[in-house]
Amino acid sequence: MKISILVNEGPYTHQASDSAYQFAKAALEKGHEVFRVFFYNDGVNNGTRLTVPPQDDRNIQKNWSELAEKHKLDLVVCIAAAQRRGILDEGEAKRHGKGEGSANIAPGFRISGLGQLIEMGIESDRLVVFGD
Amino acid sequence: MKISILVNEGPYTHQASDSAYQFAKAALEKGHEVFRVFFYNDGVNNGTRLTVPPQDDRNIQKNWSELAEKHKLDLVVCIAAAQRRGILDEGEAKRHGKGEGSANIAPGFRISGLGQLIEMGIESDRLVVFGD
Amino acid sequence: MAEPAKSPPAPPAKSTPKKFLYVNRRAPYGTIYALESLEVVLIGAAFDQHVALAFIDDGVFQLTKGQDTKSLGVKNFSPTFRALGDYGVTKFYVEKESMQERGLTLDDLQAVTYEDENDGFKEKPSIQVVSRSEMGAIMQQQDVLLNF
Amino acid sequence: MAEPAKSPPAPPAKSTPKKFLYVNRRAPYGTIYALESLEVVLIGAAFDQHVALAFIDDGVFQLTKGQDTKSLGVKNFSPTFRALGDYGVTKFYVEKESMQERGLTLDDLQAVTYEDENDGFKEKPSIQVVSRSEMGAIMQQQDVLLNF
Amino acid sequence: MLHTVNKSPFQTNSLASCLKHAQKGDAILLLEDGVYGALKGTIASGDIWSKRVELRFYVMSADVAARGLQKSQLIEGLNMIDAGGFVDLVVAHKTSQAWL
Amino acid sequence: MLHTVNKSPFQTNSLASCLKHAQKGDAILLLEDGVYGALKGTIASGDIWSKRVELRFYVMSADVAARGLQKSQLIEGLNMIDAGGFVDLVVAHKTSQAWL
């Protein structure tokens, strides 16, 4: 079955991203297709490559990036929400004059518009929401 | 009177940072000393220079940075909370191999330890907490 | 009303529009969820799906009239609700019990209307006050529920 | 018990330790607040102030015994509470009514103890169950209240 | 229809509101801090107890374990599931709704 | 002592818990979504009404205006203040506590 996931909260502060990750992993293990994971609201903060969690803690961003690589997952960060919260890819960083090297989007994530959220609602058999 | 402020939430998602800013500004206008503003939990996200809020919205990070410059405010971002959430200064970015130019701490903010929070509790006449 | 536990229906073909319900349970301004939900509604209106908004619990506060955010220094987004009719978003289900619990009547909410193109562009109210049990039934009829 | 409305007392001299109360009102793991509050307590213990912890509302869940976070993949920080005695943090005020409302008894909480250096290093319980009105009074006696 | 509740019933109105809107035969999944709703003998447990026949209740076992809740403390007859069980629930219901 | 409440009493237990712990003569400031606690004729307004003599209540006027609440909808006798008034309240009380 084609399943999509919406994540509304950032890493560590709320359990939402952990729950979404465990759910996505289990869905893939059961042979379902994860059509897309959309990160909205503070959820965009999952997509920063700059996190350095304590050594004895899980690395939530890395978990997502690795899952994306392994299963060709589509991890989409909402552009409007990302701009408000300071998550930029190279194009965005340049466009807003933030300086060389300041793009902070993590591997496996891409920035796109809210239309991607609507589209995944249309295209997927199931949509599951995780938030605060 | 010597007043300190603790901000526990990031910009835009919760009103906490707006409330704290309005409070700090009013305290300064009344002639009080704002000894320190400490950003903890998701509050560290107030200190990213990469935000690009919509043109018709307030720029929360810039508000803080400008208030800090005007009044020589001490804006401290907790290092442990900042590492979890991907807010780094140049030293931190280098230490963790994040690449040239990737430091994203905003002007007027500095990264330091939790001891600064305890110290401001000891040194200040009043401590006011803003959060979710 | 209940879904069968083990036999999900086949997904609709791509060309069949789906029923989207945006469920608003939070007050405006204290958090950004109401505003960012509205941004999704605006984008979603371009997609030719069936769209409705539900306002329950503190979500009913999003529709109060006379919102004035000047002193707060944040954007007043309540007028945007009134513009939704032009985008074909004309179903605002507002829960009666949620209003009553909060001391609100329909008079405390702003008027939201649309022009019905199937009825000589007559101006009609978008807000429909429904009971809690009607709201529960409405939720069951959707294809996609969006919660923020 | 009430503070005078207009005549605040002078702040204590720098050398006088202040009374810090960490007020825990949230459950562990669903949000990070409990963990990050504990991190402040650990750092604060080095500062030679009077420190106490209050557990009210869902905060009482932070002290349940038998927490096992393996399947969740997050760090179990509940053993840290047991280490606080070694840092001189020996006052855990737990609210009786909050426990009762949640179906908890003292038996459901882990034992937290400290060695009393003023009493031959005898092992004593750190947890003190107090009534809600006692908790209200304890809050009034503080110099700094920290809420996360 | 599947409802997910991730909040403590002692802190927010999410579970209460969910139970008022759920329809006969719906499934309710308690996860994250929502698992505190599964405790028996609390000021909130009456709500679930009175709906336990009309609705089907599921509880995320990893969240129960993390919070140190013992089986003997929980309302009888709730279904303990893991992330795979969560996926099965989603698949088995046309729609799901998160009571955030 | 000053208590600040920034949550809607319909969504969380913050105001209820605050009022159970506040002591005679304490000041309570409702701000952000906490101002909904100032509405009269609601399922939550009895709590404040019954404590209005024992405690002093303040409401952030900018938050009331933003939410479109009219004076006629609010419990009588609460003190409307601005950010400067908030500062004065903090100065006038040795400690403050945020019921987040």
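List of remarks:
Letters A, B, C, D, E and F mark the chains as written, and numbering starts fresh at 1 in each.
Keep in mind that, in the parts below, contacts are C-beta pairs under 8 Å (C-beta built on N, C-alpha and C of every residue); 3 or more make two chains touch, one makes a residue touch a chain.
Keep in mind that this is a model prediction, so the values were computed, not measured.
Annotation of subunit C and subunit E: jointly contacted by A, F, touch as defined at the top.
When C-beta pairs in contact are tallied for each pair of chains, A-B comes out on top.
In the contact between subunit A and subunit B, the residue numbers used by both copies make up over half of all numbers at that interface.
Our note on geometry: subunit C versus subunit F, Cα centroid distance of 29 Å, whole angstroms. Averaged Cα coordinates give subunit C a centre that lies 43 Å from the centre of subunit D.
Subunit A and subunit B have Cα centroids separated by 25 Å.
One inter-chain figure worth recording: subunit E and subunit F are separated by 33 Å, centre to centre, where each centre is the mean of the chain's CA atoms. Among the residues of subunit A, those in touch with two or more other chains are 1, 8, 12-13, 15, 22, 41, 57, 80, 127, 129, 131-132.
Residue positions of subunit E with contacts to 2 or more other chains are 6, 10-11, 13, 32-33, 62, 82, 91, 95-98, 100.
Looking at subunit C, residues 8, 29-32, 57, 72, 74, 144-145, 147-148 sit in touch with two or more other chains.
The list of touching chain pairs reads A-B, A-C, A-D, A-E, B-C, B-D, B-F, C-E, C-F, D-E, D-F, E-F. Subunit B makes touch with subunit D in their complex at residues 2, 6, 8, 40-41, 80-81, 113-115, 117-119, 121-123, 125, 127, 129, 131. Against subunit F, the residues of subunit E that register as touching in their complex are 10-13. Note for the complex: subunit B touches subunit C at residues 12-15, 18, 22, 56-58, 132.
The touching residues of subunit A, counted against subunit E in their complex, run 1, 3, 8, 15-16, 19, 22-23, 25-27, 29-30, 32, 126-132.
Considering their complex, residues 8, 11, 14, 18, 20, 32-33, 36, 39-40, 43-44, 46-47, 49, 144-148 of subunit C touch subunit A.
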